[in-house]
Amino acid sequence: MVQNSSTSIQGRMTTFSPVLGPVVLTALFAFLFFAPMMLNAGLLFWVGMTMIQAIFALSWNLLFGYTGLASFGHAGFYAIGAYFTGAALRYDFQLPFLVVLAVAGILGALVALAIGVVALKRLTGIFLAVLTVALTEAMAKIIGLSKALGEQDGLGNIPRPIIDLGFLDLDLTHSHDYYRFLLIATVVTVAALWWVVHSRLGRSFRAVREDAERARFVGIDVARVRVISFMISGGTAALAGALSAPWTRIVTLDQVNWLASTQPILNSLLGGFTSFWGPVVGAVAYTGINYWTRTFAGLSEMLVGGILVLVILLAPTGIVGLLGKATRRIRGNGGKK
Amino acid sequence: MMKRRTVLKGIAAGAGVTLGMNATYLRAQTAPIRIGASYALSGVGAPVGTQMLAGTEIAIHQINRDGGLLGREVQLVTRDDKYNSAESVAIAREFAGDGINLMLGGSQTVTALGLAPLAPELNMVAIIVAAAGMPVTHELFNRNIFRTTANNYTQYGSLGRTLIEQNPEIRTWVSLAPDGDFGRDSALFFGRAVEKYSEAASGEKATVLDTIYTQATATDFRTQINQLMSSQAEGLYLGIAASAQISFFQQARSVGLYDKFKAIGEVGNSDITGKALGRNTHPNLWSICHWLYNQEPFASNPVSQQLYKDYVELKGDDFPSGQVAAGHRAAIALFEGIRKAETTDTDEVIGAMENLSFESAGGPVEFRTEDHQMLGLNFYSQMGPSTEEPYFQFNKVTSVDAVEMIEPANPGQPFDINELPQ
Amino acid sequence: MTSQAVFVLFNGLASGMAFFLVAAGLTWVFGILKILNLAHGAFFMLGAYIAFTVGGAWPASIWSFVGVALIAAAAVGALGYLTDQLVLKRLRNVDYHYALIATFGLMLFCEGAAKFIWGTDYQAVMPPPEIDRAIVVGGSYISLYTLFVIGAGIAVFAALEMIMHRTWAGKIMRAVSNDPWMAGTLGINVPMVLMVSVIASFALAGFAGGILVPNQALSPHVGASFVLYAFMAVVIGGLGSIRGTFIACILLGLVESANATFLSQYGGIAIYVMLAVFLVWKPTGLFPAQGAT
Amino acid sequence: MNSVPLLEATDLRVNYGTFEVIKGVSLAVQLGEALAIIGPNGAGKTTLFKALTGEIGCRAGKVVFQGKDVTKVSAHQRTAEGMGRTFQVSRVFLELTALENVIIALESRDRNRRQRRGGWWRTSPTSGLIKEAEALLTRLEIGNLRDEVATTISHGDKKRLELALTLALEPKVLMLDEPTAGMAPADRMQIVEMIRNIRREQGVAVVMTEHDMDVIFSIADSVVVMNYGEVIAAGTVDEIRNSQVVRDVYLGKDMYHAAD
C-alpha cells in the first residue's frame, strides 16, 4: 500500500531528445492540420475523437501520474462538460461558444472542488476510487431521469457552433472546420497541461505523488495540492467532454458509465503514465487497435482486457517506457547524460 | 482553405488521368454497388443486431443470385456500432468517406438518434432498420432517412388493440415500464388503445391503472412485482426489454404472477424471452412479431418462404428469429429504391423511395411520402410453453394495418398524443 | 402500511444477502491481499454460467442445485489459482493501482470470453422445484427461493465467522492480514496463505454465481449488477472486515428496497447518497481494519 | 537561557485507540539548544516526535513553538514556520533527481514565505534557485549526485539528501528521528560532524532521538530520558550520564534491538 514501493518505475524518462521532440511535434501538427484533405470522413472522425481522448487521458494522468490519485469515475467530469455543451448548443443558451467551453471547464473544476473539499483530505486510494465510481453512477442515474438531457436516449441533434469573434464569424458547422477548431483547442489545452506539469505547481504535484508524508514535511499543504490537481484534472476532463459534444453531435449515457471512466486509464497505461506524452501515445495506439479490430465484432472486449493485463505485467511503463528502454539500449549506455 | 482543397483535388484528378481514366470510367458502370450496414454486434444490443445482420446478408445473397442490381453486384460493408451512438456516427462518416452513400443502420433508438441528423450532411440514404422512436419521423426528420419499421405510437397502440380484442374478458389492465421517454410513451399508447378498443370488443370500457415504473437497467423487480400482485389488474403491458424482461419473468413466476395475469403484452423480446424461459414462458404472452416463418400469413408468402429457405441454407440453423426479417426488409427497401431510380445517386434514390411500394416477408409495404415512415401490416404473436424443444411455441399471429393506427404525418414537429383527434 | 414496511424489510434483507454472497469473497481477498478485485463480478458471472452448463435450466432438486453451486465454486476456485499464478502473484509488491487496473483488464477479458464461449443469447435458470413457489405474508408475496437466498447468505456469513474466529486457519489468516511481515517471521508460510485466500475468494464468487443464477437472466454482464453493490458494501463495512461487510450489505439492501417502494421516481439513487455519506462520515468503514488509520 | 523557549511541550498526551502511549510529557528546547530524547524501545520516543511535529494529533496538552500555540496546527504549517524534520528511515522523493528534490523544498519554502522568483509563466526554476540547491548539495558532500535519481543513491547519501531537503527550509529547529540509524560507523561520524557544523554556522536548535550514545554525547546539550511514555529523567548530558535512574532503566536492556 505504500506508494514508494512501485519498484518497477525507474525514474521518469525523457524519451524525446531536445532535437527530436519539436521535430516530431511539428510533423504531427502538420499531419493533423492537413488530415481533412488526406483522410476519409470516418477516419477523420476517429482522428478527432483521438484528440479528445488524448486530452481526457492527459487530464486523468495529471491526477494519477503526477499526483498519485486514481479516479475511477473520470467519465463523470467528461459527461458534465459534454452534457452542458450539448444542452447549451441544442437549447441555444445565448452564450458565445468559447464562453460555453470555459463554463464547462469551470463546472468540472467546481464539482472536483466540492468532492475534494468534502472528501479528499481523507480519501485516497481505494476510497477515492470507489467514491468517484459511485458518484459517476449516481450522476448517470440522475441524467437518466432528466427529460431535458434526453433520459436514456441521450441528447441528440446537437448543432455545431458559430464563433462570433466580433470582427469575424467562424462558422464551424462543417465538420472540417470544426475539426480544425478542435485541433487548435487540443494544442492549446495540451500546452497548458504541459505548462502545469512542468511548473512549480507541477513539481509540488510530483512531490505529493512520490511521498505525501515527506512533502508535508517540506511544508507542502498536501491536501490543498491534491484538491488543486483534482480541480485542474476535473476541469480538463470536462473540457474534453465539451469539445466532444459538437464533434459527435450526440451525447449519451454511454459516456457516463464506469466503463467510459476506464478509457483514460487504459490510454494512460498503454502509453505510459510516467511520461507526459504517454497518455497521448496511448490514445493513438488505442484508437489504432480499435480501428484495426473493428471488423472482429464481439472480440473487442477480450482484446482490450487482454492488452491491459499484458501491459501491466510486461510493460508497466507503457509504450513510451518501452521506447525509452529501446533507445537507451541502441545508444548503448544506461545513463542519460 | 477552400483553394488548397481544390488544388489537392486537382492533383488527385490529374493523377487519375495519367493512370488511365478509361479504367475509372468503366468501373463506375460495372463496379459493385456498395451498401453499408451498421448494426449492434457487440454489447447489449448484440442478440438483436446479429439477427438483423443475418437478414440483410440474406437479402444481399438473394439479389446477387438473381443477377445483381442494375447489372452490378451488390456488396455489403458491415460495421459493429457497439450499441453506441458515437460509434455509429463514426461508422456513417467512414462509409461516406469511402464513397458509400447507401446505408442501413439505427438498429436501436440510441444509434438512430446519432445517425439521423448526419445523413444530409453526408449526402446519404440512411435506412433506419428498427429504431421506433417518434423523433425520427418528427422533429429529427430529414428527407435522407427512411424508417422500415413501425413507430412506437403505431406499434404499441396496435399491441394494446390486439390484446384487448383477443382478451375482451380482461377488464383491468396495468403497465410496468422503464422510467423514461420510451417507457412512459409506450405504456401510454398501449393504455389508450386498450381503452379505445375495449368498448368495441366487449361493449364496456376497460380500466387502465396507473403505470408502475422501474429503472431501465434494473435487475431486481420484487417491489414492482409485489405492487402488480396487489393490484386489481389481470392484463399487463411489460415495457422492459432484453435481459431485464427475462429477470422479471424469473422473479415474477415463482410468486404466482402467471396465474394472476391472464394476458401479457411485451415490448418486443419475442423469441428471445421464449428461448430463455422455455417451458416457463407465460401461457398467453403477446409480442411484436416481425416474422414467423411457419405461421400464416408468412407461411404462404413467397418472400417469406424464400427467406426461410435461404436462412437455413446460409446460416445452418432451422429456427430463425423474427428480427431476421427486419434486416431483410430494410435491405429490400433500398434495393427496390435503387432499381426504381435506375441509379445509386442519393437524390434519385430518395425520390424513388418516397412513393415506393414493395413485397416483404410480411406482405406489401410502402413508404408514406411526407415523413418516410413505412406502412403495412404489423403483426402480433401469441406464445406459450411447449413440451418439445425449444419448449416454447407460437400459437397465433394476428395483424393490424398500420394505416388504421398511425398518427397523421407531421414531419419536423414533435409528436404529442394529446393533440391527436380521439 | 405495516404490510408495506414488512415487505420493505424482507426485500431489503433478500437483496442484502444476495449482495453479501458476492461481497464475501471480495472482502476476504481485500482483507488479506489489500487488492480490490475489480474482476470479482466477472468470476461470479463465470460461476453462474458454469452452474448453468452443469445443472441446466431446471434443477431437479434443491440438493442437486446446491451440489451444482459447489461444483461452480470448485471450478472458479481453480480459475482463481490460475489467475493468482499468472497475474496477481506478480503484482504483490508493486503499487496497488497496478493490481486495480490489472483486475479491471481481467474483468473485460472474462466478459469477452464468456460471450465467446456461451454466446450472447440470454439464459434463464429456474429455482429448484421445492422452493419454486411463494407464500403470502400479510398481503406481501414472498418467494421461497428468496428465503433460500437469505438463508444461504446467513449460512455463508456464519461459516466465515467460524473459520475466521474459531479455527487455527482463521487465526493464521488474521495474523497475515494484520501484519504479513510479522506473520512471516513467526514461521507462517505467507505466500501459501495468500494463495489459499485468493482461491477461497474466487470459490466464494463461483458459489454465489451458482446460488444466485435463478435470480435474474444470465448474460455475460450479469456480474456488473451485483458487483458494484459489493464494492460499496466492502467499503462501507471497513475494507476487509467480514462482519462490517455483512452489516453494510443489509443496510444497502434496506436502503435500496425502501428507495424502490417509497421514492420509486428516484429509483436507485439512495444507495449512492448513502455511500457518499458513509465515505465522508466514516471513511474507514463500520469496522475499520486493524492498522488502518 | 531563561527567555521564552523555542519549542515547548506541556503535559502532552497521545492515545492509540484507548491505549495511552504518551502520558503527560513536558519538555522545552531553547533557541540553539540541542536536545536528545532517549529511552528503550517502545518508550514512546517516536510517538512523541510525531506529536511534536504534527504528524499525529494529541489527546491533551499543548505544543508551543516560537511563542505560538501550534497544538492544532497542521504538520506542513509547522514545517513552514521553521520545524525541519527527518525520518528514521530516510524519506526523499525517490523518483526525482537529487537536485529536483532540493528544488522542491526550496520552492516550498519560497511559497510559504509568499516569495516568487521569476515570472509566473516560467516552468523551470530560476538559475538563482538552482545555484542555491547546488550549494546545499555540495555542502552536504553529495554535489556529485546532482542528477542521480534518488532511488539509485546509497543509504547514507539518502540521509544526507534528506538533511539537505530539511536545511533548504532554513528551519529554526531540526527534528532528527535517529539521524544515524542503519549507518556504518564511519558514515555515522561524518553525519555527526555535519550536524555540529550546521549548528555552529546557523545556530539552529536540534531535537533528536538516537540510540547511539556516542552520537548523543557529541551533539546534544541536554537529554530527556523516556520510559513507558513518561519522562523519567531530564538534564544535561553529564547529569544523565551519571544518573542512577537512567542506569536502572538501561542496564539489562538491549538498546540495539530492532528499530521500533
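So that you can tell them apart, the chains are marked A, B, C and D in the order they are listed, and the count of residues begins at 1 in each.
One rule holds for everything that comes next: a residue touches a chain if its C-beta (ideal position, glycine included) is under 8 Å from a C-beta of that chain, and two chains touch if they have at least 3 such contacts.
Here the structure is a predicted model, which means the values were calculated and not measured.
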item	value
Remotest chain, chain C as reference, centres from CA atoms	D
Cα-centroid distance, chain A relative to chain D, in whole angstrom	41
Centre-of-Cα separation between chain B and chain A, whole angstrom	37
Mean-CA-position distance for chain D and chain B (Å)	74
Inter-centroid spacing, chain D versus chain C (mean Cα positions, whole Å)	47
Touching two or more other chains - residue numbers and ranges from chain C	115, 120, 265, 267-268
Residues of chain D whose C-beta touches two or more other chains	none
Multi-chain contact sites of chain A, meaning residues that touch two or more partners	141, 145, 298, 300-301
Contacting chain pairs - touch in the sense defined above	A-B, A-C, A-D, B-C
Residues of chain B defined as touching chain C within the complex	42, 44, 46-47, 50, 179, 213-215, 218-220, 222-226, 229-230, 242-247, 249-251, 253-256, 272, 275-280
Of chain C, residues touching chain B in the complex	7, 11, 14-15, 57-58, 115, 120-124, 126-127, 131-134, 139-146, 214-217, 219, 221-222, 225, 256-257, 260-261, 264-265, 267-268
Touch list for chain B against partner chain A, complex	4-5, 8, 41-42, 46, 78-80, 82, 84-86, 89-98, 109-110, 113-114, 116-118, 121-122, 133, 135, 139-140, 178-182, 215-216
Residue ranges of chain A touching chain D (in the complex, touch as defined)	4, 9-12, 195, 198-200, 202-204, 206-207, 210-211, 213-222, 336-337
Chain C-touching residues of chain A, taken from the complex the two chains share	1, 3, 5-8, 64, 70, 72, 118-119, 122-123, 125-127, 129-131, 133-135, 137-138, 141-142, 145, 258, 262, 265, 269, 298-309, 311-313, 316
